[in-house]
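Common to both upcoming complexes is chain A, partnered first by chain B, then by chain C.
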Partner chain A sequence: MNSVVLMFALSSFLLQQDPRQIVEEAQRRAASQSQRYEGTLQVINAQKKITEKRWQYARIGSHGASKSILRFTAPAEVKGVALLVVNHPERASDQWMWTPNINRDRRIALQDRSSRFFATDFSFEDLEERDTNQFDYKLLGEETIDGAVCWKLQSTPKQSKVSQYSQSYVWIRKDNYVLMQIENYSKSELVRRARYSDLRNVQGIWTAHQVDMHDLKRDSHTILKTDKLQYNLPMKDEAFTLQALRRQQ
Partner chain B sequence: MQILRFLVLIAATAPAAFAQTYTHRGFLETRGTFYPETALNDSARAVGESLFRYEGFYTRSNVLQFAGALDFRADTHRQVERGFKLSWQDREIQRPLAAVRRLSATYDRGPITLEAGKQFVRWGKTDIVTPTDRFAPRDFLTVVDNEFLAITAARLTYEKGANTIEAVWAPRFTPSRTPLADQRWARPLPQTATIRELTPAFPGGPQSGIRWNHAGAIEYEFSFFQGFNHLPSFEAEARFTGTGLEIDTQRFYPKMLMAGADVAVPTTYFTVKAEAAYFSSSDDRADEYALYVIQLERQTGEWFFVGGYAGDATTRRGTSTATFAPDRGLSKTILGRAGYTIDANRSVAFESAVRQNGDGLWLKGEYSQAFGQHWRATLNVTLIRGEIDDFLGQYRRNSHALVILRYSF
Partner chain C sequence: MMLLRLLSWPYLRRHLLRWMLTLAGIVLGVAVFVAMHTANRSIFKSFDETVDQIAGTTQLQVSAGEFGFEESILERVQAVREVGVAVPIIEATVETKIAGQGSILILGVDMTGDRGLRDYELQDADEAIIDDPLVFLAQPDSLMVTKEFAERNHLEVNSKISLVTLSGEKEFTVRGIMSSTGMAQAFGGNLAIMDIYAAQQILGRGLRFDRIDVRASDEFSVDQCQAAIKAALGPSFEVEPPSARGRHFESLLSSYSMAMTVTSLFALIVGMFIIYNSFAIAVTQRRSEIGILRALGATRGQVQQLFFLESLVAGSVGSVLGAFAGVAMAAGITQYMSTVLEQTAGFTQRVTELAVDPMLIATALAIGIVTSTFAAWIPARSAARVDPVHALQKGKYQVLSAGENRRRRWMAAAAFLISIVCLLLSSSKLLFYTGYVLMITAGLLLAPALTLLLSKALRPVLKRVLPAEGTLAADSLVQAPRRTSATVSALMLSLAMVVGFGGFAHSFLTSVSEWMDQALNPDFLVSASANLVTRAITFPAETASVIERVPGVRQVQLVRNARVPFRGIPVMIIAIETEKISQTVHRIPVAGDLEEMDRLTASGKGTIVSDSFASIHGVGIGDPIELPTPAGLLKLPIVGIVRDYSDMQGSLFIDRSVYTKWWNDTTANVARVYVNNGENVDAVRQRVIDAMAGHHRLLVLTNREVREWIMKLLDQWFALTYNQIAVAILVAVLGIVNTLTVSITDRRRELGVMQAVGGFRSQIRRTIWLEALSIGLIGLVLGIGLGAINLYYSLGMVKRDFGGLELDYIFPLAFVVFMVPTILTAAFLAAVGPAESAVRGTLVEALEYE
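Entry: the complex of A and B
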């Protein structure tokens, strides 16, 4: 009897929760004016062979209206290759890739965003920052991830949002609103899973310092570990333009 | 020598003195080219080359950055000069043994960027043939495996939102490097005549250009250039002497005016890119013509595809005896490029150019594999076929295999 009452109470509580509010609160808590880190990527293929890459990441602005530049620092042969992502609240981001050995930038077309980014398990689309207004959300319940109770939400892109993913499942921790896991589906097939771990409080923002992106089709993992992560550094808009992409080699 | 001292000083002291703001990269590359057939003017079947490149970037402050790069080369086929001098202008017939590849200062303030010095300037959007890329001379010693050369210039860029205006002024001309007369990538000269090449007539005076680029949902660009063609034309004067026929040849670089435009339109399945330019000249010896390219581009999964067509239309024939024009040589041609990423370390790529009249064919296949953090090996096989009068077909004895080993740092 007690359990029936508890289930009834829980379902009533879940119904009262607005999933969009949960996501917006998670974004509000993670918001910062800028961010910078150094990332180490380990690409582990299906045969367990490991390839290491490193990049520097800088972002100005926050969710939906941010701009970021990601520049490879290793291995030596891709040093200087960079990606500029300009996010827009109302539509998909604009992306350009700079290749120093041919001195040219190339726009990454929308239909090409499902491609893997530089042989990692991140696609170009995964490097966008998502704006809550481009998705519809549904609260599915609660699940535990790494011992933490999380809300499980279903996120579906609105028609205005062009995405390789037909839907995603998102797990957000209840105690601190930190994103713990995303599962991305193409039609009904699970294609990528991102797991967030090594949570640390940096300047008041709970931040995952490790992301494990699993490409289930290839059975390949990319583990991104962040180092020297800082928020709210002074940055200028001019450092996030096509000119800046070409300039900072 | 002052340039050399400056670069050596940067290379030697900067990492320690400016650890936070100095970055560098480079590589040592050794390549072996193997030709199954000898050519009429070249009996060599194997050519070995080595290149050491060092690039350094020093950011002094948020507004000022310096970039420098040096190349050192050696080879077995005398495509590289044997005497040591540090080249700045890249006007040598052979590749210089040591060259300043790049040396420039960039000043950046708000929407304005000014870069001055030896630098790379790339215009246009299409691949393989890029009609509006007028500030980009190349080293065409081995025609189908070419490399860009930097120019000495000042470049002012104003960027506001999605629009960029770029003005370029180049005070001194940098020509493209053409195949050596006694080697297989040059058209063989008649054995019955004595050929004498006179000192090239390099043009004086500056070159300039301006372009406006809009990077909205549809990306487009308009450009204008006035200067000289970096690809040479030739004049020849023949005379009979007591010992036979003597021909004096001289290369020259005709004046050129260019008006061009390009556009990139993303559609549901492909990105459509088009680029066109019209070239006129006050020099009667030069042709006047239009060059255009349309291509489709798509990246899907691990594949990357580019396919297109390049065409031209000549509106006036010049009086020069001959020209060396790989850009026009690849017109009236169907072009293709495809790449496949096997995994994080391995990739394959294919390129092709097929003349619409079937007189020329160029196919290239490449397999590349990285080993660890620093090493990469590449095997490239190139097949060239066609008629002797065709731009591609004239190199039909130059099909080759190329093995490249590179250590990057």
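Entry: the complex of A and C
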């Protein structure tokens, strides 16, 4: 009996040390069938000037195979501009942008994913959901972020995945598997750091309500604040198509 | 060198004016050569720089001629594995409404991805939105301009600029200012960046792009990427590095460049005769000096070397001065040529600096020096053969020996015969040009004998007009045939060129006028641009319906034209409504039956080509033409050849239905409008303008306005060449001044005797004047004769190498009649200075002169 308990305890311990499973567990705990929020985006450049935009965000589907629409609501110059992101587990996502003032949509080409997302410090690639099968993981140890003990993992894109980053470091809280920080590297140079904060439990899902993306090359920050977050709302798949993108203004 | 210092320099100082006139011939010739080629090079270089600066890090460009292609091609290119970045581009010049700024180059780009290829180096942007492509994309009136443009026009972020678009004059907002490096320097700084989809709207592009700029993926080479894209898209698309556009531009203007080279070389050839004349006179005048040198032991080689050195120095000084003058002239010519090219070929360029090529300068210097030394070769050889005994005998040296005359006549006959043989075998280009050169050579060889003949023939006429003065003038010509014939040869050559070119221009203008009568017969034309060769802006086909509904309009015919590559050369494709056109236009068939060719073309089973196209590309009825289109390779047989002057590189006519099907484009450049019989054309025109007021900004040009525009264009095209010819005439006239100056010097004692025995100064003046008028008249007669032959060869050259145009031989009688008083007046004016010089000075000085 004691040996069985010991073996169970040992296997559980070993299970928790598998980096892929840590990531998968984190994703499982954050998973929802749908999501909606209103976001505020503040861009603070190197001269400390702040610009602000607002958007509405909606997502449907499981992680890695979801669809989302992001529609700007402020300022007036950009109101109505929308982005549709369709994620795929086996390849890079498809992205389209709708511009109401010229009544045109445009596809964001794959090679453009490394460019900045509308003057923020996020790139288009940063908006994609990362499927665990597209990366290799390595557990590097433990570190403390904002007083919480976290696993530190190294994530390297597999050959099949096209990414601007050569590797990333990910910090995941040990207690609730919430993502706390990501550092993205390009050819061994740290280019971006995302810090997650203001954790709240929404409908049983621990969610960071603030993400601070720091572009180290430009020395600028983009702070995304989430408001009115809701999960698992009824949404129709048809609302996440190019036709819907053009219709909704 | 010692001989140069001891003998040549004092002689030069005594005859400074003459040497300056001699140098002027070389200076002008070299100056024109340098100016024309520098201007040409500056324009080409400016075009290349614009292309490079706009291209950024682009390695390849995908295009399908000027028609552009559908947006779906972009995804096909982006899907190619070897492609790293592929972004769509629209490029066009539009008119600004800013005073003094003219046009601006609009580059329509997709800002979401273009930064991978081009660095915009934004200097400044809106206070609220700094460096924000989202606002740029969201607001279709957004523009990014260069710092230079902004400073020049006092613009800052949020300033407004008016541009002339398809929808009329519209205001745009400056949302960014680019620093003055890289791309911002293109087009002289008159560059603006716009969102590509906004550009589509203002330029009437529909759902099309002009081209796709590509950079290869890091793992593949440019060649691999190029091959992969070609394989993916097929032969309908060109996939070339940006530099290929410069080559296309040059090939389009190759005939123009060649014409510039030929006419600029003429000025040099005429200058060569001036040099020859001067040295021949110098040898003649210095015979005693040379005789003494030889008697003292100087070898023939040393004497020859002396004159060679003199010609080398003269050539060097003249060439250097000419090079400086040429560079100074180049700026003005460049601006003029840019304007002409914009209006004739639709290429807008802003040349901000001259491209002075050291190699060109070196070539011009070499040509000037070689021309000078070559021209002095015969006189130098003649000087070396001076017999010391004969050198001291007067009079005989001016005469052309019978032997020399005979030799020249035999050589002229041989050259003429060979030339005739070459003419009979003129299907070969080499033989044609060989025959041409030999014919001119025959004329030049015969010039001295003919000059003597005509001088003798003129003697009784001059004697009858003014007995004393006329006789003296005629005798002066007869007794100094060497002096006279060189000047006459220069004048003859210049006039031959004038007649040849004048005849070509007259024939061309007559042919164009006939063509306009037959082909350009709508009551008015509707176009998106006042410059009818601008094809960048199009309008939708529905415009035809709007116009057709206007009371008084009988018929509307839509035309769409643009250049596409054909065998590496951009050729003009003109898509017409063949059936409608065949009812209203009476074209001039060169080959094939008109009705049959129209029927086949209308049904999409063939294409009609212009005679120049057929000539340039060596094609005929039945030959297949393959055209790259976005939908694949379009193959059509040639079903007819017509006379057409729509484009200098030749044109291809296809039916509009074929164009719409293969290019998937329903837009048009021009609408040809016919009015009902009996209607007031101006009234209908105004109704059409009113009807289109709410739609697109289109210009309605009357038939007369279009014709005037075309004729003005042609005048501008020819004006530059007319100016070069004027330079050649000027050089020839300088030769007359030179000759008269020497003549007066040689006859100073004679003229002194005339005054001593009671001759008036006015009589002496008249003698000189008559001599000049006689030279002018002889030059005219020989020049017109040679010109008639030159015209034939000029038309042959045009057919072979300058656009393949088949023009009728029409002798430019009116032009020649105009040249007669012009040349005679020029000759008279050339004589004024020397005539005054002849009567100046005291009688005693004149009689003592030796």
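Definition applied: the second predicted complex is superposed on the first by the 233 of 249 C-alpha atoms of A that agree within 3 Å, B and C clash if a C-alpha of one lies under 4 Å from a C-alpha of the other, contacts with A are read in each partner's own complex, and residues count from 1 in each chain.
What we mean here is this: a contact is a pair of C-beta atoms (placed from the backbone, for glycine too) under 8 Å apart; a residue touches a chain by one contact, two chains touch by 3 or more.
Because the structure is predicted, anything quoted here is derived from the model rather than measured.
When the two complexes are overlaid on chain A, chain B and chain C occupy overlapping space and clash. Of the two partner chains placed by superposition, A:203 touches none, neither chain B nor chain C. Of the two partner chains placed by the overlay, neither chain B nor chain C lies in contact with A:21. Look at A:94: by the touch rule set out above, it reaches chain B but stays clear of chain C. Here chain B and chain C are compared by how many residues of chain A each touches, and B touches more.
In the superposition on chain A, contact is made by A:81 with chain C only, not with chain B. Looking at the shared chain after the overlay, A:232 reaches neither chain B nor chain C. By the document's definition of touching, of the two partners only chain B reaches A:241; chain C does not.
Once the two complexes are overlaid on chain A, the chain A residues touched by chain B in the first and by chain C in the second are 45, 49, 51, 75, 77, 80, 102, 104, 107-112, 115-116, 119.
Across the interface of their complex, chain A is touched by residues 23, 25, 27, 55, 57, 59, 62, 65, 67, 106, 108, 110-111, 113, 120, 122, 148, 157, 159, 164, 215, 219, 264, 266-271, 297-302, 304, 341, 343-345, 370, 373-374, 376, 406, 408-409 of chain B. Residues 45, 49, 51, 53, 72, 75, 77-78, 80-81, 97, 99, 101-102, 104, 106-112, 115-116, 118-119 of chain A touch chain C in their complex.
The part of chain C that touches chain A in the complex is made up of residues 74-75, 78, 83-87, 110, 112-113, 115-116, 128-135, 137-140, 195, 197-198, 201. Looking at the complex, you find that chain A touches chain B at residues 43, 45, 49, 51-52, 73-77, 79-80, 94, 96, 102-104, 107-112, 114-116, 119-120, 236, 238-239, 241-244, 247-249.
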